[in-house]
Structures are given as structure tokens and as C-alpha cells.
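Chains: A, B, C and D, in written order; residue numbering restarts at 1 for each.
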Amino acid sequence: MIKRLLVTPSLCIGCRTCELACSLTHQENGKPGRSRIYPLEVGKEQFVPVVCLQCDDPACVKSCPVGALALEESTGYIRLSYEKCIKCRACVAACPFGCSLVDEDQDKIVKCDLCEGNPACARFCPTKALVYK
Amino acid sequence: MKIQINGRWYKAFEGEMVLDVLRREKIDVPALCAHEAVEPFGSCRLCMVEITHENWGGWKGNVTSCLYPVEDKLRVTTHTPKINELRKMILNLLLARCPNAPEIQKLAEEYGVTITDFVPRPDADDCILCGLCTRVCAEMGFYAISIVGRGYGREVGTPLNEAPPDCTGCLACVNICPTHCIKYEDVGNVRKIWDREFELVPCKRCGKTIITREFADRLIKDKNLPEDYFDLCDDCKRDDIAKNMSKLVIWQDKKEEVKR
Amino acid sequence: MKVDVDVNEVKEIIGRSPQKPSFLIAILQDIQRHFHFLPPEAIKETASALGVPLSKVYSVATFYNAFSLEPRGEHTCRICMGTACHIRGASMALEQAEKQLGIKAGETTPDLKFTLEVVNCVGACAMAPVVIIDDKYYGNVRVDKIKRYLEGA
Amino acid sequence: MKIDSPQKLKEWRDRCLKKKAAAKNTIVVCFGPGCLASGCREVYAKFAEILEERKLKDITLKSVKKTGCHGLCEKGPLVVIEPEGIFYTRVKPAHVKDIIENTIINGEVIDKLLYKDPKTDKRIEKYHDIDFYKKQTRIALRNLGHIDPDDIEDYIAAGGYSAVVKVLTSLTPEEVIEEVSISGLRGRGGGGFPAGKKWATCRKVDADTHYVICNGDEGDPGAFMDRSIMEGDPHAVLEGMIICAYAVGARDAYIYVREEYPLAVQHLYKAIEDAMECGLLGENIMGTDFSLDIHVSRGGGAFVCGESSALMKSVAGDVGEPRAKYIHSVVKGLWDQPTVLNNVETFANVPEIINKGGEWFKSIGIETSTGTKAFSLVGKVENTGLIEVPMGITLREIIFDIGGGIKDGHKFKAVQTGGPSGGCLPETYLDESVDFDSLTKAGSMMGSGGMIVMDDRTCMVDVARYFLKFLVDESCGKDVPCREGLYQLHSLAVKVTEGKATEDDLALMEKLSEFIVIGSLCGLGKSGPNPFLSTVRYFRDEYLAHIRDKKCPGGVCRELITYEINDKCTGCLACIKPCPVDAISGEKKKIHVIDQALCTKCGACYAICQFDAIDIK
């Protein structure tokens, strides 16, 4: 059974713990990574955490000219191979949800990798607005 | 299958090259012309290693690991005295070609070469002719640039020395270059590279740019992606998705909800 | 110097061979033989006719000795630099020819009269060193004769 | 006329032979590269003109035959009168009338056109009696100089295509491979890989299709064996290829030939057309289910295309850049299909092996290198030319017996074999056997067959520099050791010839060479330092003379020599005019003087002086 990151916006309090967790989990050479998740304020005290949906028919994978992005059948998530990525930003432009991002500090393309099967955002979310199951 | 590297056994898979295993296992071997996005090429020769073939009665040889397919019980030594000397010589030669390239200087220094024994190229640029840019351009399906000429005088260039008609301004060449020697410039919504100007597609809402018009058009056409995917930038798309989702959410009193 | 090239001529030459990428070199050879160089128009035309990327055609055109991207002179002076010619003093002959024509090997005089070329063995080793002007062979060449040979062309 | 049985071929052959026997004389004009250069076309035209005029009954233009290279290029243009075998050398158009009037009509031999033996000074009438030919054994070159390459009937008369007929009617592919394996035939292109083994490996690979390629890209400067065979006997090459294609199961074959050899291209096209016409190529050859098309692939002239993987890319219409050969082209070659690649001479040997048997071939030569090898013997020898000798012959026999010794009474210094990738061997190796393994052991190699003889007026450093320059120009530039390494090695060699190098430079050259050999991707780079390594191994003192004494013992390196006029000068003024920079002054009957400030050391005066009055110091 493939696990998914479930988002319940009504539980989100906009505390941004997920952002911090994501950023620190993806730090490299002492530089925090750009967060792959964004709790966006859509109304008064209303937040929607936006994060890669790991689509079934992903535009990012389709757009990648060198096959650096691939949907893994066994885990159901889209993996970005940094060995292959040439930072052309095709996926950034193509993702209809804006969930492929450019991390200018680390000079690389980033997208949610579900922390390879143990997403930090879900672990640290104090309100269970994010659940991985 | 298993291969032995520097005395330790590692798992390897059919069809892999020795360098793939070395990189996966984070065993340090220099390589300037190998990148996973493109087929191995064997130009820089820095990744050469010594191999011993059990199956061939202990035959030993020096091979480029980027091009050598793994096989069961292959023994690999990554830093024999001879290989180290070879890398030193190669870096010595590269320093003569590109005396000013920081990446080459740094790597050469790691191998104890601080100054080249040869006569450096006058007016040298930083291109080591690894061919990554031309190979990635071909891999992208654009074939905008290629290796021109041959021998010591070969260079990376555009067809007929003119602005390349097949370029999309995607910057794959810029990003893959190990010595960062391909120059480009983004000014406002205009990208200049290879003597050509490209329009960067501005987000219809905020004006932020990500890729060029030509690149977007090729993606739409070649990859069969809907045109409107490219109308907005990632930031605005995230905003939109949040707003759209919010319409579906039944918002309740936060404290109540959290308590429950 | 600009040379006018009739694209229809180019198309006709391309049309003689099958329109397959493997015939790229053969087609370029035919174009080279006809125009004595590869005009840019012809390179572009070949690329589109064969469906081969322009950059690849350009790579091939600059890789092989047989092709020239510059217009050639009316006459060609070829100095054989094969081993037999070399050890019998071909480099002196080359130097003299360069001096006489005022150009380096591989170049063409500005008036498009002469192209000076270096070739590797024409199989006339018995008469080394050899200088070939257009189709005429001059054997056992002495440097002082080169001027006369060139004037004879 | 379709050949579909041994009987049909025999009948055709008989008819051809009868036609030949009916003719009174055949006048053979050599159209080899050497004779073409020395003016055989004009000689042929003169024959045509006079015969047209004379309207002789039994001698017409049909009796004049253009053939491929006879071998003795030194004495060209050559004309042979068959069936007597009268051998005329240095024939000028002016001689043609005499040949027709005296020899053809009256049966008189013209003495002054005969070959003069340099040892005995005697004129020799028949070419079989000339030392140059006596010591040769011709298998690959068997028809050169005898048949008209454009006339398939000439080839048929000489026993042509009997091997194809034999193979298709009585041998299985395995039996063909077995025969070639027994013969011990090794690839003549340089590497010397056993042909039978190559064919067997290729046949065994399971694939959609197999290819056969004939490498006619003879890139060595100073070599013209393969070119001569393609020009002079194209059907022999085709026949060898057909047999190979049958053996390995190929449907298409390619001949890769330089566009720079227009005659070879032209003859090959004609030969293919003729062979197709009589059903020896194309669909269902001889009514069997074996079909084969042979395509001519015109190469663009790149030495690196001698490397198999580069050649295959070039055949496919791409840049001739080699790839690493951890997977051999026999398994994955042209368009990734199993491919046999052999050179022209190798294929030319095959029909004879089939006709006469592998055992016969093996009986020629020595055990590890069977058969013969063609060489272009050039440089400072008396008899420059194309030769074919049994393996195992000594260098001395080739240079001094066949070659007639060193030109102008100079002293032998070295012989270079193997082209730019080969090496130079000194006098001590003169009695060494000429075969694949001995030459490699001595630090040179067989290569495709260039053999350049050097005398005491040759500078070995200059020779190394020359070959390095060639390789720098011809390297594709893909990998660093070859591209950068050879360039730097050449720069250092130039430094030596200019007298500017130190012993540290020489040590650096040796170290650099070692790593070019280890590090390079293909054969061009791996063997690239050979010209330097072999000369520094055998002629180190010459390098040291340049470095320590600033002297060039061979008198070649211009920065290190001066031309001076000695007291043998008779004051004849002959050297004054040729000097391109007017550096020589003098009056009649007084010793001339060279102005060293002006002298460019071009050697024009040295070449013209009849009195040995010019010294190179």
C-alpha cells in the first residue's frame, strides 16, 4: 500500500513548523534548504499548506528533458536525481501547482521527496494538519 | 553481482559502469567529463582506475571507469601510484590549456600540481573540451551547439559561427559546464546567450520569469504539455492552488478543531 | 569574399544521393567538388534535406580534411608532406611556396587565384619531394624552381 | 551474362583467355600513382595517337592496356610489352614511336629504355630478371600491373571469382572460416589480429544483421599499398569481401575509401557495377539465397578513421571520433551490429587462400606471421616502389636487395615502419625478421606497410618531430592525453630541434610519453609517442647532440646548421641563381661565399652543387 502525505487545511494554524522542519531536513553544507512546503494564508487564520501532490501523471516528469525526474512505482513519489539534473527549470515552469522550486542558495532545483519515506513536515506538524499514512 | 573496490566488496548491477558504483558509494575519483544526464564519453581520462579480472586469470589493466561495464568479481583500485601519476600528468596538461580555471587549479592542487610544466596556452579560456555542453544539448534534443574542428584546435561552437537557430536558451550547457565557462546574461525579460537573444516568459500575474519562450514552446510541443501550464510562475501557481483548495475546505473554529 | 551560390544547384547535388543521414559525408563531398568549398547555404540546405541537425553537419564539415569552408582559389598548389617527401626536404618547398604566394598552408590568396594546400602522400614517393599544381606533378622539386612552377599555372 | 555455376565461369574464362591469346602483343602502360605522377597519361595518349595514325592490323588501341601499379615507381612511367615481358622504364611520349616501330613491328628491343641494374650497370630486358622483382612473392598484388582494373574479363581470365564460385557451391560458412583460420592470415591493417578468429567471433554474435567493412582509408603518409590495390585490382578486394560476407552472414558491406583517391573510387564503382551485372553481387548470388550489396563509402580524409570505431562512425555519416573499445566492434560495430572490419590487403589475400588452400598460404612466411606483406618502400633507397615480400624476410634483404641500397652512396641510418604510430629501427636491426611480432618487439610495428628508409642525412629528432606534427594535426582531440599531450610533446620536440631544450625537457618528454600511452582512448594516442620513443631509444645521442652541443648531426635542423662553401668550389656560379634570398656572392672561377645573415638554409645550393663544395656544419 502506497503511503500519501495527507493535508487537512482546516487543521493548519499557520505555525510554519513544517517549513522549518523541511528546510532543516534538507540542509546541505550548513546551508538550510529551501522549504518544499508552504502554508499559505488564504483568509483570516485560514491556511492551506501547499506541497507537491506526487501526481499520477506528473507534468514535471514529462517536461524533464534528461529523465532526472521519475515516478517511483513502489513508493508512489516522484524522485529527482541530482546526478542527472541539469537545472534547466523545465519542471519549475511546467508544474501546474508550482511545486518544483529553485533553491537559489544551494543552486539547485528542489521538490518534495517525502524525505525518502519519512516526511519531517508530518512528523513535526503540531496539529496533524499534515499526516503521512 | 559484487565488485571489489580498494579491498572492500560492493553491490553492482548489470549494465552499470564502474564509475556509477564509485559515485554511488561516494568513493572519491575525479571525473570532469562524466555526468549522469548524458552517455559516458571518456574524454578527461581522470576517472581511470586499475582493474583486475579474476575471470581472465588475474589480468590487470588501467581503464576509464566511466566507460568500463561492471562484471562479477571485478577488482578495482582507484589510487595506484601509476594512476595518481597519470592524473597528475593530465591535470598538468589541463593547467596548460586552462591556466585560469579555478576548478582545474583546485583539483590539480589536490594532486600536488600547482604550476604546469608546459607552456600555457596564450589567451586561454576555461574550456577543457569535455563536451558536456554539446552532449547535453543533443540529449535535450536541440543540437544547437557542437564540437567544431578537431585536434588541439577543436572548440565548442555554433553552426557556421552564427547565432544557433536550434538554441532555446535553456541554459543546460551553462549549468553542466564543469568549469563554468559558458557565459550568459539575463537583463529584464531578455536572456543573451550564444549571440542570441531570447524572451524570458513573464508570469502573467507577477512578471517573474523562469524559462525562455523558445524553451517553453519546445516543451509544449515535444512533451505534449498544455500551454496554460506556462502562464504563471510557480509562486502564483501555489497561491492559486491554495485559494482553490480553500474553497473546498469547511473552515471551523481552529481551537475546536485542534482539540478534537 | 562572397561567392554567389545557386541554391537550386545545391538541391540538385543533394538530390543525387539518397536522403539519408549516412550519406551526409558523401553529399558534402559532392558539394565540395562542385563549388570547391562548402558554402553556408549548402550546409544549411543539406541539414534540412537530410533531417540532420545543422550543428552536426557543421561538425562533420569542420572535422574532415576534405572540406573547406572558405572559397578556394582558381589554382591549387599542393605540397606533398608525406614522410618520403619530408625527408627529402618538402618543408623547404612549402616554406618557399608560402613565401611566393604570401599565404600560409591551407589559405587562399586574397585575389582567389591560388590555394595552398598540404597533403599527406600522393603515392609519388619515387619523385619526392613532390609539388602538384592543379593536376600537374612536379617531382624532385628544388626550392628555387617553385616560383617558376607557380608562374606556369 | 549471369554466372550461376562453376561451369559457366569456366566457359567464360576460356573465352577470355582465347581472346587474349589471339592478340599479337599487349602494350601495358602502368597507371599506378607513381607513374601517373611521372606522366603515363601523356605516354598513353601518344600510343593512342600513333596507333590511330598507323592503322596497324593486329595492334590497335585495344592492345594498349592501362594497369595498376607495377611497383618500380622509381623508374616510371613504365611500359611492358607482353607476352615477352620486355620492361621499359622512364618512357617519355617521345619514345612511343620507337617502341611501336622497333619493338612491336620489328621485334627489336630498345636498349636505352631497359632497366639498368645499379650493382652491375647491365641492362636487363625482362622484368622477372630484375632483382627488385626476383625477391618478391606476390599474392595480394598478384594481378597488379597485369590486368586492366576496369575490365572484369581481365580479372576473370586471371582466375578471378573462382573463389566465390567455389565458396558458394561447395563450402559452408564454417568451412570458409576454418580455411581462413588454417591460413593464419592476420589483419594487414596494422594490428595483426587473426582474420579467421575475427570472422568466427562475428558470425557467432546473434543479431539482426551483420556487416562487413573494408578499410581503404590508408592514412599513413608515405604509404600507397591499399590505394594501389583498389586502383589496380578492385575485383580482388570485392571477391575477398563477398567471401567474408558469406562467412559471417552479412547482407551489406562497405568499402571505406578516401575521396582523395579518385581513381580508386572510380574503379571500385565500375567493378561493383560489373560484378552485379554478372550476378556475383546483389540478390541471390549464383542462384543461392545469399545476397550481398557492397557500398562505397567515401571518407573525408582523417587519419583517425583508421581506428575501427571512428571509421564506423564515419561510414554512418558522422564525425570520425573513436569510442572506447571495451565492447569490440566485432560484437557491436556499425549501427551497433556485429561487424568485421579488415583492410584492403587482407581481403585481397582471401580469394587466393580459398583457391589454393589455407595450408598453401601458411607455407609462405613464418609460423606466427604467415603469407606475405605489401610495403611501399620509399625514402632514400635506389628503387622506390610497391613491393610484396614473404613474412620473415629481413630488413636488409628488402632495403639492399629489392631496394637496391641507399641512394647516392650514402650510409643507412634507420628504417621507419608502421607509419606515424610505428617507430624507427637502427642498423643493428637490419637482419631482423620482418613480421608482426618481431617488429613490435623491436619497438616499431608492421602497420599497414609504409617503409621509409633514412640515411645519414636524416635527422632522427626531425623525423620524430615530423610524425608528432602529423599526429597533432590528425588527433580528433577527444581526450586530454592525446590532444594536449601530443601537442606538448611536439612543442618540446620543436624545442629540441631549435637547440633550445634542456635535459630536463627530454626527461619530461619521456614521462609525458609514458602517460599518453596509458591514458589515451584510442590507438592513435596510445601509439602516438612511438616516433619519439623509438628514436630516443636508438638515437639518444642525436637528441643529446641537439641539447648539449647545439648540433644537428644529420644536418637538417636549420637553427643548428650553417651552409659553408669549401675550397672544392670551382667558381662555377651555379649556386648563385637558385638561392632564393641572394645570399651567395662570388665571381667566376673564384670561391663563392654565403652571407650567413641572409641564408635561410633552404639547401638549394647544396642540391645543385656538382663539386661537393658546400658543407653543412
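Going forward, contacts are C-beta pairs under 8 Å (C-beta built on N, C-alpha and C of every residue); 3 or more make two chains touch, one makes a residue touch a chain.
A quick note: this is a predicted structure, and the numbers were derived from the prediction, not measured.
J.: According to the touch definition, list the chains common to the neighbour sets of chain A and chain D.
T.: For chain A paired with chain D, the chains in contact with each are B, in label order.
J.: Going by the touch criterion at the top, tell me which pair is linked by more C-beta contacts: B-D or A-B.
T.: A-B
J.: Cα centroid separation between chain B and chain D, in whole Å?
T.: 45
J.: Measure off the straight-line distance from the CA centroid of chain C to the CA centroid of chain D, and report it in whole Å.
T.: 23
J.: Between chain B and chain C, tell me the centre distance in angstrom, where each centre is the average of that chain's C-alpha atoms.
T.: 38
J.: Which residues of chain B are in contact with two or more other chains?
T.: 147, 149-150 - these are the residues of chain B that touch more than one other chain.
J.: Mind pulling the chain C residues that touch 2 or more other chains?
T.: Those would be 56, 59, 63.
J.: Enumerate the residues of chain D that touch no fewer than two other chains.
T.: In chain D, the residues touching two or more other chains are 302, 319, 476.
J.: For this entry, which pairs of chains touch?
T.: Going through each pair of chains, those in contact are A-B, B-C, B-D, C-D.
J.: Any idea which chain D residues touch chain B in the complex?
T.: 302, 304, 319, 323-324, 326-327, 472-481, 483-485, 487-488, 491, 508, 511-512, 515, 518-521
J.: Using the touch definition up top, name the residues of chain B that touch chain D in the complex.
T.: 41-45, 48, 62-64, 67-69, 82, 85-86, 89-90, 93-94, 96-97, 117-119, 128-129, 131, 147, 149-154
J.: Touching residues of chain B toward chain A in the complex: what are they?
T.: Chain B reaches chain A through residues 23, 35-38, 136, 139-141, 170-172, 175-176, 201, 210-211, 215-216, 219, 223-226, 229-230, 232-243, 245-246, 249-252, 254, 257-258.
J.: Enumerate the contact residues on chain C facing chain D in the complex.
T.: It comes out as residues 20-26, 28-29, 52, 56, 59-60, 63-67, 81-89, 92, 95-96, 99, 119-128, 130, 132, 137, 139, 142-144, 147.
J.: Residues of chain B touching chain C in their complex?
T.: 134, 137-138, 143-150, 157-160, 164-166
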